[in-house]
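Below, each structure is written out as structure tokens.
Heads up, the next two complexes both have subunit A, just with different partners, subunit B and then subunit C.
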Partner chain A sequence: MNAPTLFGLCAAVLVGFGLYGLIVHPQPLRKVLSFNLMGSGVFLVCAVIARRGAAAGMGGDPVPQALLITAIVVAFAASALAVALMLRQFDETGSSSLSNDPGPAPAKPAAKGEA
Partner chain B sequence: MSPAAPVNLTTPGGLLLVLAVLLPFAGVLLGLVLGGRHAQRVAWLTILLGIGVVLAITRASLGSGASLVYLLGGWAPPLGVALRADGLAVCMMLVVAVVVGAVGVYANGDFGTPAGQRETRAALAFWLLLLAVWGSLNLVFVSGDIFTLYVALELLTFAGVPLVALDGRAETLQAALRYLVYALLGSMFYLLGTFLLYGAYGTLDIALLAERVGAQPVTWMAAALMTAGLLAKTALFPLHLWLPPAHAGAPAAASALLSALVIKGAWFLVVRLWVDVFPGIVSLPAAQLLAALGASAIIVGNIVALRQARLKLLIAYSTVAQIGYLFLMFPLVQALNATQQGNAAAVTGGLLQAISHATAKAAMFMAAGLIYSTLGHDRVADLRGAGRALPMTITAFALAGASLIGLPPSGGFLAKWLLLSAAIATAQWWWVLVMLVGGLLTSAYVFMVVVRAMAPAAPGWSPKKQVPGYQQAAVLGLALCSFLLGLAALLPFDVAQIGRAVVPLVGSP
Partner chain C sequence: MSIALHLALIALLLALAFWTVVARETFAAVAGFVSYGLLLTLAWVALSAVDVALTEAAIGAGLTGALLIGATSRLRKTEAAARAERPGRATRVLAAIVATAVAAAIAACVLLLPDPGPSLAPEVAQNLASTGVGNPITAVLMSFRAMDTMLEAIVLLFGLIGIWSLASDRYWGGRPGLAPVVEPNGILAYLARVLPPIGLVVGIYILWVGADYPGGKFQGGTVLAAMWLLLLMSGLHDAPAVSQRWVRLALVAGPAVFILVGVLGVFVAGAFLGYPEGLAKPLIIVIEVALLPSLAVTLTLLLMGPPQRSESSP
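Let's turn to the complex of A and B:
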């Protein structure tokens, strides 16, 4: 197994983890973290492509590196926007959740305990 | 540099494309620096200049009869980035300019800061985001390579998400966050597809990619990833869950922008990919799958719209349904490609559907905003008196509704006529059935709203607030644009096809 294949497989695993987290977790913060994990996988794919272009005798294919830095900036801005929205929602409601009903799972045992 | 093909030369008027993108963003920065009540003036100056630029682009494009091209920094693809505007892009830019202008007039009432009134953050944000949406959409329409398109889509998302949460209530913040999560997932899929295409073919330029792509697994994978990502951003059924709360919760002017324009950005990109980049790669069954999702959107969206108690949610679900129509064009395009007749009818039909929906839906959301401020609520069951208080607005709502239903001479009629003829010409009768049933369901909820609004008001009732006449005029003007768009059939028919003569027109019907 050569290096590009290894890194490609790593990228696939990262994208898979990220996608799983993004779909399964209801909490927005975890969703944003999963998005970043998935993003790392996608960026790794790009880096592998740059490295593979270098096999033609160049030091490295510069175009994917330029794309990569742009994509990282965009993903960073997206995460910042998401966190800002979450903080504002927390200020307004005291919780940060994407489900419409106010957390049925933790609320019920608490209600039983009080009763 | 490599010897440049004729496609890869800056054409006269190419610089206008740069202006169309830069001008709105320059307005955003200037408005941000000046701040407060100056933002509105900067926005208006930019809107007027921007409309001038778009008109100049149209004139240059009609004059030369070919795509406008601009090579950034004089570097030709594959190393450089080209901006291109073909007929489709020019048409979409014109519509966006018209809708942005009308929304701007309407927003003078909701987000204006007359002398003596305190400046608000929402007003500043609205005017800046209006310009940002416009600039990003223009970039989506003129970008010639798939990575610039990714950046443009992200800009569009970043401008659209704060528009949802403009009034800062908890529900709208949640809707904005959900919208952002869907959009981020979509953009990651799109980006992965972009990288795969670059890895396989060594270029990002749309024209070069179209020449180089071959039918192999990596292309199919990239096409599937990019399409799935874009569907999440366009909110095609079943990825539409974020749309109704986001579009219904925003202030009326922002809903109009989001529902009429922002979702069209990602749709336009799907058209670019399927019609221009992958025409030989995507198969008819894949296109049928896309249209089947569209058909489900039409049926589900319309039925759910019928059951809504609030007018803005009804209109938002109607958007879900109308997005479905936009995706019915793909199997028709594929089938027409296969018959060597040229895909002009289906592509123009899809484009007209997008245009008529953009103008009609913006008019409907703004009409709903006026009804809300007059009645103090927007419960569909309790709209009596609205027709007496707001005759122009209810007329506009009815005209826009007629365009969504597809009554002649509206733009919706012409669009559905072209799509229906293409469906019959390629023997795909089931799409005809879906379009007709969708039109019936649409007419049910449009008539329901108009009939209830026409009922006489309760005795002694008076409007909560007088809405200014120019807001009503802006809504009516936009609805008339949509309703009279069908007269475009009288124009020489090839405006949308400028610079797109890829498939020879042999024996067109």
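Let's turn to the complex of A and C:
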């Protein structure tokens, strides 16, 4: 089995880990973390496909590789937005729970008026 | 790298990924994720994607790691409550089954990939000379698929607008982050005095060398952003109010130049983002130089989050 295939299988497992974490973890921050893990698995598959397209003296197909650079930067922007959203929710409600149940009564500061 | 090294790398990657998912403490999970990101750069190198490795080290592991560590320390109080919400065994088993099925499907796809793989590399090699740059990735990013790169720069800007919109009314247009606390003799202040000049040179060098070798504006811009972040975190320099004109100008200058060159292409080369014969390289350099400061400011402010203090706050 050659190196690209090995990394491809590794990527499949990474996506699996990420998906499991995304479903199981109740905290939004852990979900973002798991989602990033899943994303890196997808990127790795893309890099494997690029590597398999090595030709014309290039180590890999430059088109998917360029796509990956774009993807990594956009993934960072999306994570930053997600983190900003959850921090705002925390400032507003004192909790970062996604649950609809009242749960262990989050402390609600009187922030409604100023927001 | 030999196959044994690859196997060791894969084993480490999988172990760290597993840790990131199962660790009890969020902070431990984030620490695992940052090391995972750094190791992943080795995987990109093993797959001959050095440009991607640079981006991953700078943004995937570096900036994302800093972002998540910051969020973890802010949300530390919510950890205990979240543990009570942990789903029951049935959900976890179901999630494991779904995750395994998806992983198996992807693994099957990887094993069934056509051999030899389809590739655009010959086409890129054929047309590389017309762009005047020597690095095929830069040629794809700035010429063959320049539209993607332009939209990416704009997406970053939209992300930042989204984050700023989360500011509460009274801090709208104010300064992001906490008020700076300077510890003049601390190690952070020392590094913030010593490193930025070096980082500035490295960042600009990475941009310049990107024309012919691995590197480019995103990697260079991230190094510049890291230097500014170091200054901000050390407290030697306060974050600017986001309503300041120079901040807004710096943010839109890069994408605006990109769009302008694109529109120019309609008249001179007959296509949006088309470059006239012989002028491709100068135009690419104009766009990259304009994008570098914009990207550095955008990435820094993405990490700093929404405004949290009024403009006049010290």
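Following the convention adopted for this analysis, the second predicted complex is superposed on the first by the 97 of 115 C-alpha atoms of A that agree within 3 Å, B and C clash if a C-alpha of one lies under 4 Å from a C-alpha of the other, contacts with A are read in each partner's own complex, and residues count from 1 in each chain.
FYI, contacts are C-beta pairs under 8 Å (C-beta built on N, C-alpha and C of every residue); 3 or more make two chains touch, one makes a residue touch a chain.
The structure displayed is predicted, hence computed values, not measured ones.
In the superposed model, A:93 makes contact with subunit B only, not with subunit C. By the touch criterion defined above, A:37 reaches subunit C but does not reach subunit B. In the superposition on chain A, A:69 makes contact with subunit C only, not with subunit B.
In the superposition on chain A, A:3 makes contact with subunit C only, while subunit B stays out of contact range.
Contacts of A:15 after superposition on the shared chain: both subunit B and subunit C are touched. Within the superposed three-chain model, A:49 lies in touch with subunit B and with subunit C [touch as defined at top].
In the superposed model, C is the one of subunit B and subunit C that contacts more residues of subunit A.
Where the contact sets of subunit A with subunit B and with subunit C meet, they give residues 15, 18, 45, 48-49, 52-53, 63, 67, 70, 74, 77-78, 81, 85-86, 88, 97.
Touching subunit B in their complex are the following residues of subunit A: 15, 18, 22, 28, 31, 35, 38-39, 42, 45-46, 48-49, 52-53, 63-64, 67, 70-71, 74, 77-78, 81-82, 85-86, 88-89, 92-93, 97-98, 100.
Here subunit B touches subunit A in the complex through residues 79, 147, 150-151, 154, 157-158, 161-162, 165, 168-170, 173-174, 176-178, 180-181, 184-185, 187-188, 191-192, 194-196, 198-199, 202, 204, going by the rule given at the top.
The residues of subunit C lying in touch with subunit A in their complex are 1, 3, 6-7, 10, 13-14, 17-18, 20-21, 26, 29-30, 33, 36-37, 40, 43-44, 46-49, 51-52, 55-56, 59-60, 63-64, 67-68, 70-72, 74-75, 77-79, 81-82, 84-87, 91-92, 95-96, 98-100, 102-104, 106-107, 109-111, 113, 115-122, 124-126, 136-137, 139-141, 144-145, 148-149, 152, 155-156, 159-160, 162-163, 166, 168-170, 216, 218, 299, 302-303, 305-306.
On subunit A, the positions that touch subunit C within their shared complex are 3-21, 23-27, 29-30, 32-34, 36-37, 40-41, 43-45, 47-63, 65-70, 72-81, 83-88, 90-91, 94-97, 99, 103-104, 106, 111, 114-115.
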